[in-house]
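Next come two complexes, and both contain chain A; in the first it sits with chain B, in the second with chain C.
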Partner chain A sequence: MFKKLAITAVLGSSLLVATAASAETKAGFVYVGPVGDHGWSYQHDQGRKAVEKALGVKTTYVENVSEGADAERVIRKLASSGNDIIFTTSFGYMNPTIKVAKRFPKVKFEHATGYKRAKNVSTYSARFYEGRAVIGTIAGKMTKSNIVGYIGSFPIPEVIRGIDAFTLAMRAVNPKAVVKVVWVNSWFDPGKEGDAAKALIDQGADIITQHTDSPAPLQVAEKRGVYAFGQASDMKAFAPKAQLTSIIDDWSHYYISRVKAVMDGSWKSTDTWGGFNAEMVKMAPISDAVPADVRKLALAKRDAIMDGSFHPFQGPIKNQKGELVVKAGEVLSDKVLSGLNWYVEGVEGTMPK
Partner chain B sequence: MRPESLLPVFVKRPLPSRAMVYLSPLLALTLTLLAGSVLFLTMSVPPLQAMYAFFIEPLSSVYGLTELAVKATPLVLIGVALALGFRAGVWNIGAEGQLIIGGLCGGAVALYFYEQEGFYILPLILLAGIIGGMLWAAIVAFLRTRFNANEILTSLMLSYVASLLINLMVHGPLKDPEGFNFPESRLFSESAMLPILFEGTRLHLGAVFALLVVAAGWLMLSRSLSGFQIKAMGSASAAAEHAGFSSNRIIWMTLLLGGGVAGLAGTIEVAGPIGQLLPTISPGYGFTAIIVAYVGRLHPLGSLLAGLLLALTYLGGETAQINLGLPVAVTGVFQGLLLFFLLACDVFIHYQLQWRRSGSSGEAA
Partner chain C sequence: MEILLPALLTIITAATPLLFAALGELVTEKSGVLNLGVEGMMVMGAIVGFATVHVSGSATLAILASILAGMLMAAIFALLVLKFHASQVPTGLALTIFGIGLSALIGQSMIGVAYDGIPQIAIPLLADIPLLGRLLFQQDFLVYLSIVMVVSVSWFLYRTRAGLILRAVGDSHDAAHAMGYSVIRIRLLAILFGGAMAGLGGAYLSLAYSPLWVEQMTAGRGWIALALVVFATWRPARVLLGAYLFGGITILQLHAQAFGIAVPSQVMSMLPYLATIVVLVIISSDRSRIKLNAPASLGRAFHPSR
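And then the complex of A and B:
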């Protein structure tokens, strides 16, 4: 009796799901980290919640999906369980996304930070380097030791762009300051990230910035009494004194517009690379520890990027050897930026190859 | 009456209980279902629905079954190989590193033959993977037999070296020249990929290799002299040495076997479901396989069942996330519960619980 009840309950609920799927739009999300990372995956999940709130559609997510053989299975599972649009939010999902998209031509796919597109696969990313130019300006003005620590994840173009944009902006206001980079070979590993922050502080860094997802480096900075910048979300709660500001990834506008496009049938495969103007990149409130003139300078930088009067990669730019690679008045093209693989002058150490 | 006399104590059985050999997994399953129900109730998810998502839905379609086989293949392969070593008391903890080096070597051969055709390409790739894994394990065997270095430490440390090495290679020489500097290799050509067994699924030839390795492991352990030596060395090493079995030979044999099979598993992953080299080619299969070997009671057939079970919990965990919106942490706790009860209940094979009377404990004292 009990068993029968259970079976009918299970069958009933799965039938309900099946009928609902045909009627309304559903969106699926795949995250590389846990939603509790308070960084990259957390912000994508904020975007997902914004979609639910704004459009009332049903969303599903799978977190902590590794970028190897598992990704294809998860994406395919989302595609076959009635999702109309699927956001795969890490670079390593590129080939699995393309593979699954071939099999499900009616489902729309959105892949973050990749470069392969198809009729039903769009790509999108944010110009985080615009934010790096703003925090680089603050760092140049705030450092006393003239050593700034930078925690890198992997030496891919996106991370190199961040390091270079940060360093260029920092040296524009303080030519004596240098950047030391420590690579942790992970996007999310609070233990390693914290250790990297400690090592950098021990080497004299009095400001820490990071291109990894956990708040651990800020917590170390808070404890050791140095300044730091948050990553991906406002991490002030983790380091109220240390955080000077944070570069916030805001995916909600993009996600809402793309799901809406699926609902009204106007969705097309595109490549989006938005910054401050697209509201994909935002700055968290600047801390009171930053003097008024520095705050003004930083915000002026942001405004100049927004109105186009300044580009974070405008010449003159010298490489590590001191050779002039971008002349005054020239700007690095998006094509070069998307494959950037060299350090500018002021970054110490060699890039891991 | 002393309070501790109320607590049951474990008493070693004179002989392992035949009944508990079969009953303990059932006991473990019952305890898991009970503890899991409490867990899911606290998350306000109906337990029956959660159990259905975990154990039934992943198996309810042909595609689901093929995915189970794909996920279980590396776990079963390495589980069998590790079980042989553990039986002999050779603690190869670094199968993850041997898997990575195998995948790297196999992948390098695949990239060498990029856009070429030929029946010989795939066998060469598999061979390179096996040899790569063997060489990586040979370092451990050499250090152990020559300097008596603890293989637990050396094999584990070499895993980290391996993962940095593959990182170095995909950031450098093996990077896709048209890949915008992203750390990924080219996609392998068709002739470098394992054939798919059923069109429309990801089930590949590697699953057949896993079954063959299970059969070979079972035959070796039960029918061959080497198998007998392995068992003798593990249960009574002094006696085994006295009988003239060379412990060095067994260390070399089990490590090379483990390394070769782990290398094969890595190659199967890159030439199967992944299809290219990535900075990370395994979500820790080499470490999970240690659990597989133990849940499978260090028996090759047991490793097959345990590998399938572990694969099922991963697939079930994803289904629970998608269908019920459970966070990944809860599915992880549930997997942990299952493994804990499985291993804990095996204690009852060799031990039994006794509630000692206060009188008898008094006499003993």
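And then the complex of A and C:
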């Protein structure tokens, strides 16, 4: 009885100490879009909320910060107002982050999707293409017309990687299937994204996937009775029948671990490019429309990526012209992947320059 | 035709929001007022309509609420430029920025909410005509309304006395004032009408086109509507033509891409504005050609004392 009490007392006091220490830690976040975009910035903000909930630290965020001179001012303001760690969550914040970091050597900085690091600046990004390999597998098995529509935002390596990983996985299970790509030149224009989905469906696509942020293409798919995949977050509410699964960006584990590292003093400048294993990329529950064997195949693909026995970009890989680019047994390096700018075999159309 | 039909159907939905907003702005500009706040009024119409349908479940109520939201925004504009003689251009710009911010605030809890979209109405008999029937007589209520509005606005401006007075106010507010017409009241009504139509355009976006709410979902359509008015040289029928042309360009380039025809889509996104610039150049190079349509005192503040 007394022992139990004593343990409770000890536990209680250690908890008190923990909260006292964490109360002093502050984390700042800079977003490029509104937290209400239901896409990129929204998911980062979910990560921020997870940090608050898990560690009880005080967080501040600034949304809608454009990627120019504004960014530097906002980051400097966050650094000078006592934040211990600052997450800058868009590629264009790279130089401002480095610049401000020089002036605030005691503050830790975390820059998303960039490549410049310093003693107090880490970089992090997610291997979303791992998720694309999983949905590509499902698409290959589920398509009847053998045409899959892909809505692209901008032809940058991040997006090309997704298209290629998707196509490779799809053709591994269905060599007859092709991917039609339509670029909408926007991360976010529900009307145009929906129109692109309609155009693709009109031209025979019976599965739609997207690398843009709004759920509009899923709504179109739902209305037209074809299947689709969600983007960035679970979009089942918009397309209960059409959504087969969704690739989810999940920053919460990373954010919690990094803030924790600041709290216990173990923070170091690192470069993180995490996928399923880092829990940065997750899959939404697979819909019942997917037959059991296809579901099994898709999950096996995910597991193989996680245990390292499969890489979405392992050879043999042919480019659009049918030339062998990666030999069997070889794997595209991270360096090539980070600058990927060509289509694999099975993607239709030419890439805009 | 069988292949073109789906593309044409999509063009109608892409053109309708532009058509509503541009028609409203046309009437506003015809009275001599330049309201650059179309984007802001549209986005407010979109969120208020979507929020209303989410709460009440009634599409009719939602459309009415959108109209009201657009009018309220327009009323703010009217108060500033008519009562306090604020300059129209910056006031309109401020209205756009204000609308985008306010709609985001109202819409905070609407993110991630889904809606099926307003129902389509098939007109009996006519809808059964092969091809044409599906294209023209199986649309939602708002598409029909947009066409009715083109005819009504055209008839009002050129076939009624009230329309004549409105155009007179837009051409020379001093002369109209001397004739004993209330310039301020007529302009107020024209501005409110513009707001109502922009609200309708917004409602079409969030209730029919892509039935959901996301911040800044108008994505620049208010600006295209403004360009459209100039492109159409202030003629309602040409606004109809222009809206379908601008809508058509965006849709056809998507189809071209899916067909594998390489079109730089950035160029396509510029086209509406390029076309507008070309029209502007023609207007300024040969004023007499356009003079009859362009409201002569567009953008000028009216002081009855002078």
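Everything that follows uses one rule, which is that the second predicted complex is superposed on the first by the 330 of 353 C-alpha atoms of A that agree within 3 Å, B and C clash if a C-alpha of one lies under 4 Å from a C-alpha of the other, contacts with A are read in each partner's own complex, and residues count from 1 in each chain.
FYI, a residue touches a chain if its C-beta (ideal position, glycine included) is under 8 Å from a C-beta of that chain, and two chains touch if they have at least 3 such contacts.
As the structure is a prediction and not an experimental result, all values here were calculated from the model.
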Clash-or-fit label for the pair chain B, chain C on chain A: clash
Which of chain B and chain C A:Lys49 touches, first, second, both or neither: neither
Partner chain in contact with A:Ala237 - chain B first, chain C second, else both or neither: second
Which of chain B and chain C A:Pro215 touches, first, second, both or neither: second
Partner chain in contact with A:Asp202 - chain B first, chain C second, else both or neither: second
Touched partner set for A:Lys318, first chain B, second chain C, both or neither: neither
Partner chain(s) touched by A:Asn185 [first = chain B, second = chain C, both, neither]: both
Chain B versus chain C as contact partner of A:Pro352, first or second or both or neither: both
Touching partner for A:Pro34 - first (chain B), second (chain C), both, neither: both
Against chain B, colliding segment of chain C, chosen among 59-67, 77-85, 131-139 or 203-211: 77-85
Chain C-contacting residues of chain A that also contact chain B: 34, 36, 185, 352
Residues on chain A engaged by chain B in the complex (per definition of touch): 6, 9-10, 13, 17, 28, 34-36, 60-64, 66-70, 72-74, 77-78, 81, 91-92, 95, 115, 154-157, 185, 338-341, 352-353
Contact set on chain A toward chain C in their complex: 34, 36-38, 42, 149, 180-186, 188-196, 198-203, 205, 214-216, 219, 223, 237-238, 348-350, 352
Complex contact set, residues of chain C against chain A: 6-7, 10, 14, 17, 104, 107-108, 111-114, 117, 205, 209-212, 214-217, 219, 221, 250-251, 254-255, 257-260, 262, 264-266, 269
Complex interface listing, chain B residues touching chain A: 46, 48-49, 52, 67, 70-71, 164, 167-168, 171-172, 180-184, 187, 202, 269, 272-276, 278-283, 314-315, 318-319, 321-323, 325, 327-329
